[in-house]
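Shared chain: chain A. Partners: chain B in the first complex, chain C in the second.
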Partner chain A sequence: MSENIFEVENLSLHYLGRFGDKTHAVTDVSFNMKQGEILGIAGESGCGKSTLVSGLMGMCIPPLYPTSGDVRVRGESLMNRTVEDIRSNVLAQKVSMIPQGAFNALNPVRKIKDIAADVIAAHQKPGSSMKASEIYERLRSRFDLFGMDTDRVLNSFPIQLTAGERQRSVIGISTLLNPQMVIADEPTSALDVSTQKEVIKMIFDLLDKGIFSTMIFITHELPLLYHVADNIAIMYAGEIVEKGTAEQVVKDPRHPYTKALMGAMLSSEKSQRTRKPVAIEGAPPSLAKKIVGCRFAERCSFARPECKKNTQNIRMVGDREVRCEYAQ
Partner chain B sequence: MLSNKSIVFSAKNISKTFGAGKKITTAVNNVSFDIYDGEIISIVGGSGCGKSVLAKIMLGLYGPSKGKFHYNGKKITNLKKHWNDVQSVFQDPFSCFNQFFTIRSQLEDAFNILKKKPSKEEIKRRVDEGLLAVNVTPSDIEGKYSFELSGGQMQRMLLARIFALRPKVLIADEPTSMVDACVRANILDYLMKLKEELQMTIVFITHDIGLANYVSDRIFIMHDGMIVNSGTPEEVLDNTRETHTLKLLDDIPEVHKKEWIKNSHRSKNKEAS
Partner chain C sequence: MVKLLKNLLKSPMFVIGVSIFLITLAIAFLGPVFYDVDTNARDIVAGPYAPSSAEHILGTDHLGRDYMSLLISGLRSSLYVGFVAGIIATTLGVFIGLFGGFRGGWVDEVLNMGTNLFIVIPSFVILVLISSAVKDGRSLTLIGLIIGLTTWSWSARAVRAQASSLRSRDHIALARINGASSFTIVIKHVLPYLLSYVFMVFIMQISSGILSEASISMIGLGPLDSTSLGIILNQAKDNGALSDGIWIAFLPATLIITLTVFALYLVNTSMEGVFNPRLRK
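Coming up: the complex of A and B.
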């Protein structure tokens, strides 16, 4: 068991509304990750991807509350701990996050080097005070790995950098303390295709150099995920509906939702060009109410009448997990 | 083939610069093109290539610094009159709606721009029609505000406004970059519907050449403020040696692509034949 670096067990999270109403954003998510694994999580907007990220870091800041379940990094539980405890003992060292909008993550009135120096200074062991020059030296040697113009980037304000440089700086700052786990929440969705490729290249580079090895990569772009991840989990309305290797999920989807999601993808490949993308009609169910039966039944083209009554559980189809009792 | 159609936009050697002296930035550099009636044109390029500035020139929000830019053979002078014919859809739908008014009232207010404003009943009918065209039941958004809807629904509201107003030309500036893949296919379908049902001329701006290929009659590839390649999707995608086009094609992550990222032990499809 000890070889699992990251374990998530039946994690459920809910938002508490002003009038005591609960929105169950994440329901019953379980997975284990081994050292060196990249897990991709995909799903449409509003399916609970970003809420799951908060839960995985143990950062349950009200109105978000854990309902049940556990998250463990190398056996150490992250649940039911204070935010201060998580901030000083877990974030950046054990679990680190690459946020979605790089521009919102960087303080606009401080230079990149000052923002990065804060991360090092905040996580120093008590008693060992590093000199400012030492910190900057360490920063410089780390940023040199990224293939950027180190001096210029470190001495710039966020607004002076291009979107790609900003995102790469954020990745650099997130991984400064060699975290055991990195969670990337849509790191490339605000970028154009060429910059996206540069950022992915940099992430691969850091993986190859051993700065970090285990990563959860979240996006709604399945073809991108195919190239990045080893395993892919598809989320729908707060649940994981299918989980398998990247090859299995993308090339041979079994759950009706994954099939529909792949059908909605466009491709510029010559052989695929005549295929018309089919959008999934309808909207995901509201998570504020209790849902009976399969959550995808309303939009599923293979749905049977009993789908709306029977709650679906994860079952194994071959060596992958699918949440549909009729999937072959 | 298109020569019998009338020219909507014509640009002759237009440039747009910002700043002056040493800090001068050329956003659009000596660009010439004609856009014909009823076409869907895609302008494709990476961020900062000047495609949004070109869109703003078409909307009349910027005048070109150099060169001639004509709409229907005339210079754009009266903006209110120009916007009777030319309307736009932008990237971020939330910044296009006021949070303090209902969506319905804002869709109806959009008719204020028209020179001949229809009667109240007519406006109501046309807004309903617009909403139905984007598969939204009018009663669903009755009394709703922009923050109550999801990003995909809001992007549809912007398109509903276009279906209701029925301008002659639509400038769509990255309408799909903020929405996820399932909604993206929807939005592209609505653009095609606008062209087929209302014979609208559409300028579609995107950074994904795959999307451009799917909807457009002609594609312009932009780089550093210049149009470096143009033609029908087949010409641009299949028979090109132009480096920027090839790079854009190469950068799209595709499932069938061999070694999307080179020289990394994590690359997939390495040995695939």
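Coming up: the complex of A and C.
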């Protein structure tokens, strides 16, 4: 059994308001990842996915603060470290992120080669400096892997590239230093279907070539996760409510929220065409207030009176984790 | 850069503005090559208010000094004050605005409070108070420095607003998550965005510096070490040129100030038309 490369233990994060009020955006998130594993995280907008990403990278920049818990990369904790320490010793090398919206993620007034060169320059050891030509050669050899017209892409401004080229450039820049762990935050959102496929293919090419091996893939498209991830965690109102293999979560969901989420999905499968998607009634609870009982109870069609009183803890249902004491 | 210049040169406003400003610069700095300029404004060359002649193109002032010579020297001083004030106000404003806007949090709140304080206190009042407090050694540089130190607040506020909006842009986030330091982000990702803006702020600060110097000198609190356009106007006023109808004593200086500031305004407006995509034609 290979050792865990990435460990998240009871991680809770909160935003501190102007008047000392706290919004608990992420509560009690725990999971471990092994070398080569792809974990998908899904959930509706505002459920805390992006806040969790900040916490997983150790980038808790005020007003975001860690409440409790720990995040470890190969046993090295990322909590309670300065932003500068995280910047120079963790980001891009140990943990990197592929952001969504490549068009906005690339500085429009700088060429791709300059944006990429900054990543190398920011992590050069004191005393060692690479010549511009050496940096360019390094960029070329990496971008050649992406099947693009490397010289044209590197010497272009973002606006001169297609959406797919921009997203591939962002992925190239984010994985330039061969990070041990990559967090992809909705990398395919806002892309057309064929470009989505290209980007997914590119990510898997990089995985195959060993540029990086372990990845967290965040998206709200569960069918996509089913094809991409080994395991899937479903988030609701800052908590992970179900975690299991992709097959388990998508084909046989056990938590009422996961079931409702699957029920709300549109499907292109012939057998599913007559099924009408069912929207989840109501809205998630405010995370700025103290929540008693199950967070999904108000919207759950299986809720019992005690669900609104009893806090739900993660428990094992078979070999998957579910945050519902009544889930079978 | 060449493309940008080509676009700017397509704007008649820019061409007119730059031409007028270049002419004023040429008069101020190349004038002494072609005309005998008395930089200390002490040489009495003829009687008071002598009419124009081949030797003294615009005649003489109330003391009998060559008026053209005074204007060239005065224009040079006014431009010098404008540039000193512009450089100081822009540097201070950009630094405070960038630092506060990009950093955010309590640092931004404190700096913003200080900026607003400077905005609500009329800078001209502070200018008058400081200038009148400095009785000796009121030099051109000092006047420029005082103007710069009292007029930075508008630049700071404008730059802060821009930096604050840039802080949350996705490309800044990408730079941050790829390990760029705050200094690198400001220099490589924020400042290039603001350069055109900063340049426009600088131009407006120069014109504001020229006007402020003229105003402060007009009420007799200008530099003591040299003649400026404001001082020429002050002397014309004190010697009754206005009531006596001696227009040559005040009209050229007024025209030069107006034209210089107008030229800078034209340059600024035309640049905005090129830099701001919403105004682009």
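Just so we're on the same page, the second predicted complex is superposed on the first by the 326 of 328 C-alpha atoms of A that agree within 3 Å, B and C clash if a C-alpha of one lies under 4 Å from a C-alpha of the other, contacts with A are read in each partner's own complex, and residues count from 1 in each chain.
Convention: a contact is a pair of C-beta atoms (placed from the backbone, for glycine too) under 8 Å apart; a residue touches a chain by one contact, two chains touch by 3 or more.
What you see is a predicted model, and the numbers here were worked out from it, not measured in a lab.
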Chain A as common anchor, with chain B and chain C clashing or fitting: fit
Which superposed partner A:N313 touches (first chain B, second chain C, both, neither): neither
Touched partner set for A:S133, first chain B, second chain C, both or neither: neither
Touching partner for A:V170 - first (chain B), second (chain C), both, neither: second
Which of chain B and chain C A:N104 touches, first, second, both or neither: second
Touching partner for A:V250 - first (chain B), second (chain C), both, neither: first
Chain C versus chain B, contacts on chain A by residue: B
Partner chain in contact with A:S96 - chain B first, chain C second, else both or neither: second
Touching partner for A:D118 - first (chain B), second (chain C), both, neither: second
Partner chain(s) touched by A:N80 [first = chain B, second = chain C, both, neither]: neither
Contacts of A:M57 with chain B and chain C, given as first, second, both or neither: second
After superposition on chain A, the shortest CA separation from chain B to chain C (Å): 15
Footprint overlap on chain A, where chain B in one structure and chain C in the other make contact: none
Contact set on chain A toward chain C in their complex: 57, 59, 62, 84, 87-88, 91-93, 96-97, 99, 101, 104-110, 114-115, 118-119, 122-123, 170, 173-174, 176
Chain B to chain A touching residues, read off their complex: 46-48, 135, 150-153, 177, 179-186, 188-189, 207-211, 213-214, 237-238, 247-249, 251-257, 260-261, 264-268
Sites on chain A touched by chain B in the complex: 38, 44-46, 162-163, 190-197, 200-201, 204-205, 207-208, 220-224, 226-228, 246, 250-251, 260-261, 264-273, 277-281, 283
For the chain C and chain A complex, residues of the former touching the latter: 105, 169-171, 173-181, 184, 188-189, 192-193
